[in-house]
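Got a structure here, written out as structure tokens. Questions coming.
We just call them A, B, C and D in the order they show up, numbering each chain from 1.
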Amino acid sequence: VKIDEILKTKLTETILFLAQKGWSPGTGGNFSVVSNQSPLELFMSPSSIDKTQINQSQIITVDSDGKVIKGHGKSSAETAIHLVLCKKYGAKSVLHTHSIWNTSLSRKIKPFESITLSGYEMLKALGESTHDTVVEIPVFPNTQDIDFFAQMLDDEYEKYKSMKAFLMAGHGLYCWGDSIESAKRHTEAVEFLLECYGVENFIIKNF
Amino acid sequence: VKIDEILKTKLTETILFLAQKGWSPGTGGNFSVVSNQSPLELFMSPSSIDKTQINQSQIITVDSDGKVIKGHGKSSAETAIHLVLCKKYGAKSVLHTHSIWNTSLSRKIKPFESITLSGYEMLKALGESTHDTVVEIPVFPNTQDIDFFAQMLDDEYEKYKSMKAFLMAGHGLYCWGDSIESAKRHTEAVEFLLECYGVENFIIKNF
Amino acid sequence: VKIDEILKTKLTETILFLAQKGWSPGTGGNFSVVSNQSPLELFMSPSSIDKTQINQSQIITVDSDGKVIKGHGKSSAETAIHLVLCKKYGAKSVLHTHSIWNTSLSRKIKPFESITLSGYEMLKALGESTHDTVVEIPVFPNTQDIDFFAQMLDDEYEKYKSMKAFLMAGHGLYCWGDSIESAKRHTEAVEFLLECYGVENFIIKNF
Amino acid sequence: VKIDEILKTKLTETILFLAQKGWSPGTGGNFSVVSNQSPLELFMSPSSIDKTQINQSQIITVDSDGKVIKGHGKSSAETAIHLVLCKKYGAKSVLHTHSIWNTSLSRKIKPFESITLSGYEMLKALGESTHDTVVEIPVFPNTQDIDFFAQMLDDEYEKYKSMKAFLMAGHGLYCWGDSIESAKRHTEAVEFLLECYGVENFIIKNF
């Protein structure tokens, strides 16, 4: 129980941090951490609440079907995405943000193409051992049929298993990790890299 | 009375949040919530105060003619806009912000034309059920004759009844909702969408 | 004495607010309020301190020659500018900020030309009665001979008496008012307007 | 011992300040202050921790070979850079930040060329006596062989001894000073100047 409380505190503090950055406006975004591995259960932010004001008592628990089994509040429509990332992609924590740059860039990429990040020291925050590498962030088309989308992530695991994060076009960014700390590190790193990508390609262009 | 205090606290916290974002500089902006439906009365920020330092005791009460009936301080010149939104457009709370992007974009649109927002997940924060929709944000010319402008909103209700928010050119954004929470959600969502619109159309342009 | 303490508190809080905005980086900027009219004395931030950490006990008092008559610390090299604004231009408080946009724009304007601001509601925060007006922000060349510059402001009073604020090229912005509150309002308004000016002219350009 | 605690407090507060600015995302960045001159010892942020949440008890002590001699945690891979700056370039404190503008600009400059900063009042925060001067910020290629890079800085001291700061391409900024306070002032000044440089050259361009 005490470990659960620590986990909820960490999740709440992480949500407040990301919301304070402006990456969760208009009650957008959803955030989870695995609270039990078998059967799979997640602590998760409920839908439609102001993430800049979340407190620990609002965290809900969802089961492996996305049903709320503890706490008050609705689970997010996007719970199925969190679940497939935990079941299939090894995630212990999933963070979904809406930032100006992740949203704007995602609308300019053709569906199923990706943003190529290369040569950045910050790639090491994603687990790479050197800046001299290439990381692709796929951009999937947005949909209101989240179950369909989650099923696609499940079906196409072999194709996408090495991805570090993905964008949904006009929607936002999903990052994850093997702990809240690493999911947060990945989120900060990808948001940073996407903004650099935007500044370099669309503001600086050719020196 | 207790409900009134809770409402004033919420209004004050919302104003501080928006001011902290930099959306209410130079004592700009004004903010209200319906405190009584019949006769119509609003709790409202007084004119000419620093919104980053507002406290609850500064909230004034105005009646349906815009007269201050409780509290110290002048009502804003723009109270008539708040009142017509509450009387005719179903608003229970009205938030008026000045941001860099809402001001700059509003000056580049022809009067009475609109900014078209489409394909964003964040449109769901405005009450849409899907991203695959179109929301128009009308841009009205600015005026110092606020009574005239408020009368126009009254007269043209049939034309504008479905709008979610509007801009006044070179002036700022009006958002509203059926509660402070929803008005805040709409404000955050529209500010986010306008900034995305600016970044996509004027920084990224063609990928 | 009590009024003096209130004034020092207000000055300190205003400096912290502006520094928090990022408008006083690298110990830059200086800030004053008239503490005595005759003989003229100013409360002022000392030179070379970190403005994000200033506390009230660090505020110095300077006389009408710029000599420190109370408190520890050196007076800023730019004290003479504060003094001429108080002696000749009716200032009771002078705030000097360094922001990205005020610095960058000031380097692109020809010396002694100005930035023309027109059509903004925010011009009312500078004391204008309507948005439908024109405010010119002159840009003076930078110099290390501050006495020379202050003398110029003194000599050319008839030419510049209606200015609301000015820029020094590659250096920063001076705003003032008849109280700390109005000087702060002017600073926030001009910083906002300069950023809008930049976004409209150099990012949005033609719609 | 008491002086050590004060130094650790100052270092911790400086790290929190820089992290709060967003200049140390994804656990990036590393920060040190000389705690003993002979033999040389540094207080330093450990590797791989979230800099927005660092507390004083996490500060480690490293010796002149980069070995951790006090505290828990790993020393940063880049400790060798801190050490050569302290041994050869007179640094008493070294601050290494990752910002959008320092990273993006550094990728657009040819290796071993530099960014030329001239005409800014803010150059005085770097120890210059006038704005009418030229400061070059060299851009070195990034490498994972930090010992090699540190040795280059050692070998090429005569060539680089007057530099105030340097960039590593796609990696970040190194600033230093003869105290934590001056290293912080230099960091704030260079970050400010690089952002002005970006805005002037790639957003404003020709007026």
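Couple of notes before you dig in:
Everything that follows uses one rule, which is that a residue touches a chain if its C-beta (ideal position, glycine included) is under 8 Å from a C-beta of that chain, and two chains touch if they have at least 3 such contacts.
The shown structure was predicted, so the numbers you read here are calculated from the model rather than taken from an experiment.
Annotation: 44 Å between the Cα-based centres of chain B and chain D. Spacing of chain C relative to chain D, judged by their CA centroids, is 31 angstrom. Chain contacts: chain A has residues 203 touching two or more partner chains.
Taken as a graph of touching chains, this assembly forms a single closed ring in which every chain touches exactly two others.
Chain pairs that touch one another are A-B, A-D, B-C, C-D.
Within the complex, the chain A residues that touch chain D are 17, 21, 119-122, 125, 129-132, 181, 184-186, 188-189, 191-192, 195-196, 199-200, 203-205, 207.
Interface residues of chain C, counted against chain D in their complex, comprise 22, 25-28, 50, 52, 98, 100-101, 103-105, 107-109, 142, 144, 168-172, 198, 202-203.
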